[in-house]
Each structure stands twice: as C-alpha cells, then as structure tokens.
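First chain written, first letter: the chains are A, B, C and D, and each begins at residue 1.
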Amino acid sequence: MGLWLPDKPREECGVFGIYAPGEDVAQLSYYGLYALQHRGQESAGIAVANGKRVQLYKGMGLVSDVFPKEKLDQFSGSMAVGHVRYSTTGTSHQVNAQPLLFRCAEGMMALAHNGNLTNVTELRSYLMSKGAVFQSSTDSEVIANVIARDYRGDLKEALDKCMLDIKGAYSLIILTENKLIAIRDPNGFRPLCLGKFDHGYVAASESAALNAIGADFIRDVQPGEIIIIDENGLESHQSLQSTKQSHCIFEYIYFARPDSTIDGYNVNQVRREMGRVLAEEYQVEADIVIPVPDSGTSAARGYAEKSGITFEEGMIKNRYIGRTFIQPDQDLRDLSVRIKLNPVREVLAGKRVIMVDDSIVRGTTSNRLVAMLRSFGAKEVHLCLSSPPIIKSCHYGMDTSDSELIAARLSNDEICAQIGADGLHYLSLEGLLNIFGASRDMFCTACFDGNYPVAVANPQEAGKYSLE
Amino acid sequence: MGLWLPDKPREECGVFGIYAPGEDVAQLSYYGLYALQHRGQESAGIAVANGKRVQLYKGMGLVSDVFPKEKLDQFSGSMAVGHVRYSTTGTSHQVNAQPLLFRCAEGMMALAHNGNLTNVTELRSYLMSKGAVFQSSTDSEVIANVIARDYRGDLKEALDKCMLDIKGAYSLIILTENKLIAIRDPNGFRPLCLGKFDHGYVAASESAALNAIGADFIRDVQPGEIIIIDENGLESHQSLQSTKQSHCIFEYIYFARPDSTIDGYNVNQVRREMGRVLAEEYQVEADIVIPVPDSGTSAARGYAEKSGITFEEGMIKNRYIGRTFIQPDQDLRDLSVRIKLNPVREVLAGKRVIMVDDSIVRGTTSNRLVAMLRSFGAKEVHLCLSSPPIIKSCHYGMDTSDSELIAARLSNDEICAQIGADGLHYLSLEGLLNIFGASRDMFCTACFDGNYPVAVANPQEAGKYSLE
Amino acid sequence: MGLWLPDKPREECGVFGIYAPGEDVAQLSYYGLYALQHRGQESAGIAVANGKRVQLYKGMGLVSDVFPKEKLDQFSGSMAVGHVRYSTTGTSHQVNAQPLLFRCAEGMMALAHNGNLTNVTELRSYLMSKGAVFQSSTDSEVIANVIARDYRGDLKEALDKCMLDIKGAYSLIILTENKLIAIRDPNGFRPLCLGKFDHGYVAASESAALNAIGADFIRDVQPGEIIIIDENGLESHQSLQSTKQSHCIFEYIYFARPDSTIDGYNVNQVRREMGRVLAEEYQVEADIVIPVPDSGTSAARGYAEKSGITFEEGMIKNRYIGRTFIQPDQDLRDLSVRIKLNPVREVLAGKRVIMVDDSIVRGTTSNRLVAMLRSFGAKEVHLCLSSPPIIKSCHYGMDTSDSELIAARLSNDEICAQIGADGLHYLSLEGLLNIFGASRDMFCTACFDGNYPVAVANPQEAGKYSLE
Amino acid sequence: MGLWLPDKPREECGVFGIYAPGEDVAQLSYYGLYALQHRGQESAGIAVANGKRVQLYKGMGLVSDVFPKEKLDQFSGSMAVGHVRYSTTGTSHQVNAQPLLFRCAEGMMALAHNGNLTNVTELRSYLMSKGAVFQSSTDSEVIANVIARDYRGDLKEALDKCMLDIKGAYSLIILTENKLIAIRDPNGFRPLCLGKFDHGYVAASESAALNAIGADFIRDVQPGEIIIIDENGLESHQSLQSTKQSHCIFEYIYFARPDSTIDGYNVNQVRREMGRVLAEEYQVEADIVIPVPDSGTSAARGYAEKSGITFEEGMIKNRYIGRTFIQPDQDLRDLSVRIKLNPVREVLAGKRVIMVDDSIVRGTTSNRLVAMLRSFGAKEVHLCLSSPPIIKSCHYGMDTSDSELIAARLSNDEICAQIGADGLHYLSLEGLLNIFGASRDMFCTACFDGNYPVAVANPQEAGKYSLE
C-alpha cells in the first residue's frame, strides 16, 4: 500500500481562517480546506471559537475522509481556523496533525502553521531548559510555547516578541477565544492572502480557497504583517520590517493551484508564460507538444502557442489517482507509471514529441515515461522542464533533500542519457525570473542557486529533539 | 454526505478478465479495474480460479478502498475476472456487487456483466415458476440461472442456448474453474475487447484497461461472439448472427476514457471531431472557448481549432473531486458548483465565452455554471453541447429516466432561458453520425431519437421482482 | 489475533422470530439475539417483513457490533426473524451469514436455520442436476431451494413436502412477506420454543430470549411440528410424526444458558443435579470444590452441596474475555490460560482441590489449568467433568471432529496422566440420563456412545460442494 | 448507542509498568492492561523505551480493540508503561488518553497516572503564568510540567520536588528513555504494587495484573515512596513521610478484581466477610440469598454462609454485557434491566428473597430489579448492600457527584420505599472497618462520612481550565 508519490517536491501545509459571525464557519472551513487539499493530504483539522472556548476536530487523511457531517454540525461559533498537512515519511502521526489546540495564560488558542522555522532546534532546547515540555515534533508547538512565554497580559505584544524570536518561513493563522489572527514572516516565504466575505473576513494560503466559499480577494498579507480580526473589525500592523521579500517561486512552478493568484501573479498565466519562454530557449524540430498531465499542461500549452507546434494530449491520466492504492509488486514494477498515465498510440505513433513537465527531483519516473512513449510509437522524445534544475535542499517548507536531487549529482547531458531522452532542457533561472519583470528579486530561488535568504543553523541537528 | 453527482448519465459497469498462468492475475485484475474505475464506483470485486476452485473477494466502494493488499496476496490462480459497478440509488447493496460466484452442475463459476437485459422480468418469473430462488436484483443472477438450467453436461452448448434466451445488452466475462469466457450480445451494445499478453489473454470493457497492464489490443469481441480461453488456447465461435450492430454512441460522448479505442474509433479523436462539427454548426462571435472540465475538454479543443477562437481554461476543477464529501447545507447551496469548478477571473473578465460541455441530463447545474461565469466577469456565455438532446430513456445499461430529462420537456429556447445562457447549441444527430462515415448506422441512438434496436417488454414492470 | 477458543464443542446457531404488529420488531429481535449471543458469535442478521416485502441486514461479528442504531431504526414491519451464527474456521464468510433472504414463486422469504442436515450433499447435487445454482455453503440455501422447488402455489404444502426431503437436525424460522413460520425436525435435535407477548408471538432457540423481551413461555415447538403465524393467528399442524425424540443433551451440559428451560428441564437445575450425581459417583478426600468458571459453576455448586465439601472460587475469570484479542506469541504461550483465569493463592494454597468443569474436547488446556493451580499452592487437583467422555463426532449441529477428541484416543488413566491431575472422573452416561428419569430415552447421546438417531450418508463427502 | 452504565461509582484508571530487558515488554503490557481492563474502558495506551527513545501507541476503546497485533510487534525495547482510562462524560477525547508522551530537558518520558490531584487548578494556573501551555485536561500533563519545571539536571531531585508540589491522590508510573519509576502519594489513596519477574520488575495497580503475566507479588509500593528501576537494579527511597495512610476502601467494596490483594487484604475474602457482617447486622426470615451478579456474588455467599440461608443464582447475567450496545427506546425501557439480568422463575417463585448488592449510587436501577424479581414470583425482596450509604463526593479518583447520590437526599426508609423493597440494609461503617481490625484507621471513608484526608481547594473551580 502506498500513496502515489510523484517525483515532485512536496508542499507541507495549507492554512485557512475565517471570521464570520452568523455563518456556518465550520462548514465554510471544510470547503476552504477542500480547495487547499493539494497542499497536504496526510491530516486535516478545524478549530472553531465561540467567544468563550475553542473546539477542535482533526484526523489523519483527506478532508473528505476526516470530517463526518455530524462533527461539522456539532461545531458552533463565529470564527474558525483549519489546516491540511503533508509530512515526510515517519512523522505521519496524529499528534502532529494541526491546528494545535492549547491553553495558556491568554486562554484557549488554536494555531495553524505553514512553513519551516530555521531555528526550531535552538528554540526548543532553550524552552526545555526553562521547564517547557513538548508533546510533538511540530514547529507549531514551539511557536505556541514562545507566545505563551512571551505573554505578559497583552497578546499583541506577545506576538510582536514572538516574531523577533522565530526565524524562517511561517504563514500563521491563530484563533483565540474571540480573535482571528493572520501573520506572515518578514520574507513572505509561503503565501497568505486575505479575503472579504458578506459577513466577515477570510485568510488562506491561496486565493482559490477564497473563491471556493464565495469570498472576494482583498490582498496578500504583507511580509512581516500581523492582522487581528475581532468584533471591532480588522486591525493590522507591520510587526517586523521586511528587508527582503523572498516568495517561494516553486508555488508558481508546481505547488499552487493554477486558479490562484499569489503576490500579484496568476499561477496559470505564469505557467503558460514559462512554456513560452521554454519555446524560446529550446527550439527543436518536432511534430507535437504534449504535457505530462496535469502539472505540465499550462506550460505545454504555452510552448505550443509560442512554437506553433500542435498541442496534443499524448497521455491520459487516470482520474482516480490521488488516493492510496496498492503499488505493483517487484515483477510488475514496469506498470507503476502506466497505471497512472496511459499513452495514446493514435496521437504518438511516428511522431517527434516534445514532452513538457514542470520539474524532476530524483529522476525516478522520467525514464519510464520516455520509454513508455517510445513503446507507443514516439520517434523522438524531448523533455522540457518549466523549472531550472533543483540542486539545493529547501529549509522553508518544501520537502526535498540534497542526497536525492538528480541535478545536484549529474550534468544535463548525464541526466538526458539516464532518462533516455533525445533532448532535455531546463527552463533557465534567468528566463524564469524575467517573467516577473521588475519584481524579479522578490523570490526565493535557493533550491536552484543555494542563495538562502535566511541562514540555517546546524541543519544536521534538525531532528535532534524529535519525539519520533 | 453524498457522492458528487454531476448532471450526466451514468454507466453501469466495467468488466475485466485475464487468463495468464504464472502471472499474478489478482494484482493485474486490480490494475485493470483501476483503469475502469470511471465505469462504476459503488462496488468492486475480483474472482480467481486455479483449476479446481474459484475464490471471490468483493466490497462496496472504489477499487482502491475495497482491496487490502493482504487479500490480493491471498489469491492464487491462473485466471481471474473483475467487475466495477455503479448502481441507481436504492440498490446499492453488497448483495448486488459482482462478480457473482456460484456453483452449478458444471462446477464453480464467477460471472461479471455489463449491460441491461430487456427481458429479465419474464426470465426471472419463468425461472421461479420452475423452482429457482433469487438472492439479488441483478441481471447476473438471472443469467447464471439460465445457464445452469440450460446445462446438460456441455457448457458451450449451455452458453449458446443462454444467448437465445436472454435479450438486450450484455458484455459478459465468465470464469469457470479452468476457463475464461467472453461474450458480447448480438447488437454489441456495450463495448468489450480482447488483448494479448506475453503469457496469456485479457478481455476488458475498454482498451485502456489492456494498456494499464501492458497488454496489446487485438480486436473487439464481435457482436454475438463467444470466446473461450483455456489451457488449449483461445477458441471462438459466432453463437448468434448479428443482424444489426448498435454500439452505444454515448461511450464516445461521455462514458469511455479518452485513451480507449472502441469498435474502431479512438474516443479522444471522436470527441475532438465533435468539437469541430459543433464549430461548423454553431458560429458565434466570441473571445474564448472554454471547456467544462474534464469531460468537455477534447470537444472544446476541437471547437477552438476549427473556429480559430482561443482555447482557455476558464475553470479549474478541484483535483480531489470524485470522492464522497459533505454537500453544502441549504444556505450554502450556491457553493455546490464552485467547490468543484473554480472560475479564473483573469481568463474570463470582459470576455464573450463559448463554454463546451458534453451533455446535460436534468439541467440542474448548467444555470449555476453560467451564473458563476458571469459573476467572474464573462460578458456573454454560449453553451455548446457535444451531444444531441437526450429525450428518451435508455434500456441497455445507461442510467437516466424519462421524467428527469430536461430536453424531453422543454424546447431549445426554453432550456436556454432556464439556464440563463446567451446561446445554446446541441450537436445535431446528423452531425454526430457523420463523424463515423460509412459506419454511421452501427450505433444505438435511442436516447436521442427513441429508435430502440431491441424491444423492451413492459418497462414499468422492471422493478417487480426486485429484492429491495 | 484470534477469538478465545476454549476447549469446548461449539454450538452452531441461534434463531429468533417475532410476530408483533405495532411493536418495534427489529429492536426486539436485536435483544432476542443478544440473549442468544452465546449460540454464535461470528455473524448476526435480522430480516423484517411488512406485508409487502422483506428487508435484511446482516454482518460479521457480535450482535452489538453488527447493528448500528440507524439500521435498526430504518426497519419497519410487523414481524421479523433473526439469527446468530458460529461457523468452523474457513467458512467464516459474509455470504454464509443468515438469515438467507431470497425471492421465489411465493414471494420474498427470509430463512434462519439451527442444526445440520445429514443429506445436504445429495440434495445439493440433485438440485444442481435440475438447474439450481448455489451461492453459499449453507444448509439454509439448500432448504430454500427445496421449498422453492416443491412449491406449487401452496406454501404449507411445500413445507410439508420439504420436511419429507430434508434429513437431520433443523430448527427453522421462516419469514414470508406476511407470515412467521417455525419448524422443528421430527427428532427435535435442536431446541425451539414458543412464547406469547402482549401483542403477538415469539419463537426462539431458548426461553431466555423470550424473557429478555418480556414475553411469556408457552411451550416447546414439538418435533415434526409446523407453526404458521399470521394475521389470522397461530395455526399448527404435525407435519411429520416423531417416532423418536432425540434432543441434544449437550444443550444441558454446556451450550444453553443456565436460565433457559428446554423441553421441560431448567438448565441450571440440571447442571446442579449433574454436580450432585458426580459427588455420588466420585468421592475423594478434599478441602475445597472449585469450578472452572463460568460453565462449571452450577455443577461445582451441586458437588459441594452433595459432598459437603466447601465451595470456593479458586480462579477468577477476566470479565472481558469473549472478545477477539491478541494471542500470546510462542514464548509467552504459558500465559494463554492465566490471562483468562487467575487463580487465587489465598484460596488454593495447601488445599486438596476438586475442580469441576463441564467437558473437555481436545484436552489442550486442562493440563495448563492443573499446573497453574499447583503453582498457586494446590496440594492435589482432582478434575471432575459433568459430562461423559466425548468419543464421537456430532452430525447434528455441534462442532467437533473425531481426530481431535482426546477421549476417543486415550483411556481415562492416560488422560489423567496427560493433564497431570491426581484424579479424573467423567460423569457416567447412566448417571447423566437418570437425571431425566422417565424421559431418559428422549435425548441424543451420539457423541458419547455413537448411537446416531439419523443416519449420515458419506460424511467424508460433506465438503464436496462447498463454495470455499 | 451507549455503554452499559450500571449504577456504580467508577474507577478512573489502571496503570502498569514493566522493566524486563530481553522480554517482549509490549505484549506483556498488553496482557497486564487486559487484566486491569475493569479499571477503565475508554482508552488504552502503551509506551515502550529502548534506552534511546520512547514510543507510544494509544487509542479510544478497550485494550483488545485499541492494539492491532502489528502495532505491538513494531514496539521494541526493554521497558514499558501502560494505562487504561475511564473518564466522565464529555471529556472522552483522544487527547486525554494516557500514557502522556513528552520531551523535556531530561529527554523523552511517558507518564501514566491513577488518581486525582486536589490542587490541579492552582498548579495549572501558576504554570501558565510562567509560560506553560496545556493541550489536555489531564492531571498527567500538569504533573509532567511540574517535573519539567523542577528539573535542574537531576531527575530524582525533580521528582522529590514534584511530590512537594502536587497534592491529592496519585499512583504514578513514569518511563524515561532508560528508567522505570513508580510513585505513590503519601496517603496511598490508590493502590500500586510491585512484582518480580524472571527477568525484571513489574508495577501495577493490582496484583491480578502481576499474576496475568506470571510475575510474583513482592509488596505494595509504600505511601510516599519513589521506586526507580534501571540497569543498576531497583532503588527506592521514601520521598515524603506518610503521616496518615488513607487507602480507598471502595477498592475492596467494588472497584478491584476479587483475585487482587491490596495493601495486605485479599479482595474476595474481604467481600465475603462483608457478607458475613451483613448477616449479623440484618437478620430476616427468608428462603434464599441471591446476589446481583457479578459484583454482589462474594458478599452474598458470605451472607448465606453466616445466616445458613440457601445461596441461589436468582438472576443470570448476559455474558456479553460490558460492550457498547443499543439502549432500548423509550417504549421498551422496561427491558433495560432484564436484557442484562434474567431472573430464573424456577429459583424465585414463591420465595422470600435476600438480594445482595455491593452499593447503589443514584438508585436508578434498584427499583427495576426489585419489580422484576417480584414479577418472576418472589414473595418478598430484601436488599442488602455491602457498603455504607454513599453521601459525599470523592475527590481522589472515584467518579460520583453530590447531586446524584440518593443516600445524600433520602433516608433509609425513603430509599426502601422508592425502590419498592420489603427491607433495605446498608452495611454499617463500623462493621465495615472492623473487618480490617487493627488497620481500621488506614482507609479513606470520605464518601461515607465526609472526612476528607486531604483538603480540596475550591472544588467548584475544578473545571475552570478545562480544554473542553
């Protein structure tokens, strides 16, 4: 048994918050999380506050599996926070599911976090030396302890202090008994946006989640900003000045939904443009352009438009992929790709094919894809990737690790040989950044060039205080 | 709670059979069924034969939910039959799940059926008058009893006699203790094809299921043909002469996977051609052509190609749809469509839009779709359907019923007004049939014109002997 | 994982039927089955009829696990039949769960059976030669087919004919769309009694099930009798004359609840009397009499009363036994008994102990028990059994098999040596029968003496037509 | 649906710890908890340490339901701690299940607690003012935080300090990465004993759990004692002097297993003696003595022995009670008792009955019992209880509450009238204490006389900081 693990980096979380007295905030959170399901499939949770207390329900699995209707109906309150989580193998435990519900001197709180702190080991160690106990491996629990420790009767003040203590990537939504709070780290690594609703406010990792519940996008939460929403309305202040914005560029390449607009750019349009730039950078005689569905589709269309080469659907994706299913035994291993993607002989036979994908990480499935296209009659297969080579590990919430990165080990030609393609082209970093014009410096590209916007202390100690 | 029920007719089953001594036939059947999941999501089952006995495992739900790895591993044998089933509300019971395992004078058998018999009421009544008992509402159990009753020591003879008795649509795969048998009714209503494998044979509802397990397509099973595969190889005979072929044309419009090739036509290519014909039949000034994903995508692309109007993805479908999830409560009903399909304002704003879908049945969601596009800025919305109006009930295995068919009650203009579109165009039956050229008479078009190739006796008695 | 399997023969079923318009017959059946749970723990089912149709719900496991409240509430009707089933390993399948729901020329019927037919192989073979199909391994399905085949428009007549065809042990409760029918084989092997309720009638395997729902015991169903209850009231006739009554004597020894009264004898009183007879037959110097709880308790008390030796609870049974739980691994095997039965050192230390149990089958746990008592200080351990040695297999619904019967292989002394006791005494068959006085000839004692009241044809072919 | 809730006070927990390198400590803990199942049925958990880390698995439900075999097998280590929990309605949440796994400056620890702290509200409030966060409502989490806060590099010292801080009832078993620790509060409210094993040590709430795994009882853990077991063996010290022992006397009356020996007294023998004292205190003409099974059985036997009146089993308890099952609907409410306890007419008819039970709390079922006995023919029913009237709430781990205690509201005569008995007698407190002779002052009798050995501060604030 196993989840289908495509050869892609993985997003670690999606967060959703709503302040809407009089509305069914639990059910709206459910739909909000449903729209963010692609950001995490391992656990889901919703906490609801009613002015006096905060109630939580969470569990392992997809949003549609975790919440029975009865549970949603039992919630009552005027604001809520939700979370979907993906986690690396081995830490997929109930105890790490979010939101984290806790009680501190301020009262009850629920906290949902997307991102990775870079100084979590030091923080945890310091807090334990002061008598703190930890019950999970999550950054969220560390943040909760920092807030509780910094608290001197004024939550706003405690949050400001907390932002001085924690480093790295964090898009936070916090629910108190009577407030909804949205916070984004000063670099703005992970996305977080704000929406308006007939009867209240919504905050979410992506604008698609606002649309899903009929809310209107207002703006992105600013790097370093703290937004507090309560019965007095919305109040915002810039807690930390943002000296350098460094939005995760991989949100545009792969993570985010195409219908989301993040920090000013519509994801689908960026992807199509990536395809166009690819077509400029890599010109080759070919008969058709095909995507690796679904993530390569927009870029393939852009490539086709720019190059004038016909766009075709050369492979059909099984609609039911996305669920845990039984992996082929060793002697049926060759089926592992074709169960998910079925080539169409009528489209491929005798054709020179440009196959567009968004990225490769370990390179473990590309060779099977290429071989499969050839076995269905493709004469040539050129692989175009709408991202630069991934050569460095991310410390801000995207899941990869150095050792597995094929582009960190092999040259372009070696990779091309290994996957058996007739040509291989990665989108250039320059070409990628140019798409964003004047904003080209506002992105984190560490996974492509190693320029880490926030230093990471002792990455090898990261798991030291794990509870697993 | 509820399954997402799109406004489409529903296929009732998918069947899969494999004869491959030395191979893991249970696991291969699992992947075969996985590739046919779109043909039925309510139950799944696999039976395996080892020369001496037949073992069965089946359950309610998706293929990936029904079979634990341990169960697949427990099977051992050299041939197998599998089934996925969709059923109309109220008969979604374990007892109706297939394959049907039974013992008769010939020994143990497992039977999987796709299609609807038209004389099942008479058959059941006759058999009961002779002392038969029925434990389910399925046609399969009736067929099993007919075979058992016709049996006089020679299975082949019994099958021939059975085909004289049963009327209507049936693509059957039968497993005995040592044989795999594939049968298709003389009209060839439902698809059934034959494939070759290194070490054996495969039969399946669609060719995509052959591809999924690495088998090669040989040919379609002929209307009226019985194929028997055993240790002596494959033997075929034409049991009944096919006087009139009447393949279900809705397989091309909606049911089948785009990567399947059925009775000589690749589904994706037919759908694209439907779009092209639509573009000839309905010319309107517009800025963009968008599909209702995923079923309208191929036709929309054909429309765009033919008309020269730009193809865009104006709505993004939630990738996790397809699973049971909580339906919005009454006061959130407006969300029911946008949870599944999120319009992209950047694409739609200020545009005259041609929206291409495959079909509508009750017309219950089209008005929400049109209104939603307008609310995201679309100036005009023209709805093009790649099928003629559905005005008659199907009696051969597609699930609709007269009373609910919007096109049976309202004129084109009335429907257009009801759904609030600026224009509405159905593909003409003539245009549809022309796509198939000289083969245009080989299809069943009863749901469009009421010309039923096989008479139906007393349709109102159909439920008379139900066990539910 | 595994159910706790004590070294006892096993009952195969319990049946319950109720006719009570205006009452919640489903819920009453639930409590009736709950009271019969000891007769079968592998599956449970209830079917309800409302004059027009019969609805069924069944599943694997205990009554309290199988039925959710919602399911019981969904039932509506005026009569019901229920069943609990135990089955031998390997046939524990959903398909064999009862009641069996089927449709025949008479209409819908549900059938619940306790007992074993002795000519089921011949019947199944004959029926298949006439075109019948079988979907399970149960006798119930054979009986249903016999009834359906014998049916010529008059159900009563068909039942009479059926009773001529089927041989062996059967206590049957049958539900049609508007009738409740109770039938007992002419030997009266398995118990079946009739009760009266404010608003109707009840039939059940044991009188304790009548008490559980507040019904009053009327009488036992007579061997060979058919009782039909419908809107015209209760009608009975003697379908077959009973030439020889042969009630299962093991019901009194072990199977039945102590609070049940069967064929005129209260079970608890019989058990106490067994203990008294044991005390007469086996006199030994001892300090205390202790039971193996719970099944040996009544006899131990009788022994103590008659002998004047003090009764003590020398072992305490874990109250939570009775559920599936993890069996000790090989190296913890010694714990297997003491997890269930914990000796009390304060009671045992230094004592000469008479330990009373009802029966042993394979003798696999007695040696552990004896050793355990010694390790808690018992000076002597004498084992008294309130049944004669079991030396023959039962063909009428009690589950044992020759090869495993310790008393069929070893002499009394050998058994005593093997289990390490200081003495071993089985109740004599004569002593057992004398308890019943003038009725002493009305019991089946085949397992003790091999006198089978009904012949068994070809027992080795019994599994021939199994579906598993 | 609902658990069967007899009219008894409820124990809140059972704890179990084992130090046994080379043994399967997880499986042994499973059997240990299985033996303690009666102390808590709502959740169960086991944590295992291997010298480097501590792993935990816990869940809601019975021991046999919570742990799959695979989970037990995955554990590896040389020591373990386990817990079963009962909780009051409304706080039956996964988050409150124990043991509590946490990391502090000492490393990983797992903590299992039986008892109730009386100053938990003050402690939690103080700790939060210092920056602590709480994720559950359990005392365990408070104790963990106290230990972590008191820790200055020496665990033993921290435990000593902790014992100065926490007040009330606590039997604690704590697992660190390489130590097993057992602690009992200075009053010795809840039981805790120590056992020896071939290869190590065991600590448990009751001696029956030692027997279950083949360990030998050594002694009770002393009030105020801390025992630390590690690779250097067992080390003990008296952390707090015990000025007043106050063992819970209800353990003998109802909570504990009859086969356990607690603080020097075998439970079964104490219960039998209670019956004897009852027979001295309450002499009445009667024909039979019957217990309310199972908890009244020992006392009834004692009563019968002393009085010379015949002991009978007048009611038979359904063996399958103890599991959640569907409660009767309103109109079947009268069945609620007889489903569990079935009277035997043969025993009761025409008899004057003394019915012996251990205690009544709210008096909600006694009237049904009395009425039921009469309806089965009992001429007189005298109720004897082997405990004094419960008139005060317990603050040390037994679940009752003032408002519901029938004896706090009504006089003996009023209660007798309300339950419809011909006589009612409670065991006198004096009579109860005399059983223990010289040790009569070493028990807590607060629920009978309001003499609370440890003061309770502001009981009404108890729920103030709850997380639910």
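Following the convention adopted for this analysis, a residue touches a chain if its C-beta (ideal position, glycine included) is under 8 Å from a C-beta of that chain, and two chains touch if they have at least 3 such contacts.
Since the structure is predicted, the reported quantities are computational estimates derived from the model, not experimental observations.
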Report summary line: At minimum, the number of touching-chain hops separating subunit A from subunit C is 2
Report task. Could you quickly compare C-D and B-C and let me know which has more C-beta contacts? Result -> C-D
Query - Greatest separation from subunit A - chain, by CA centre - result: C
Report task. Round to the nearest whole Å and give the separation of the Cα centres of subunit C and subunit D. Result -> 36
Report summary line: Taking each chain's mean CA coordinate, subunit B and subunit C are separated, in whole Å, by 48
Report summary line: subunit B residues touching 2+ other chains are none
Requested in this report: Chain pairs that touch, all of them, please.
Outcome: A-B, A-D, B-C, C-D
Report task. State the interface residues of subunit C toward subunit D in the complex, per the touch definition above. Result -> 1, 24, 27-28, 30-31, 34-35, 37-38, 62-65, 67-69, 72, 208, 211-214, 257-259, 261, 266, 268-269, 294, 298, 311, 313, 315-316, 318-320, 322-326, 328-329, 331-332, 334-335, 338-339, 342-344, 346-347
Report task. State the interface residues of subunit C toward subunit B in the complex, per the touch definition above. Result -> 55, 94-95, 100-105, 108, 128-135, 141, 144-145, 148-151, 465, 467-468
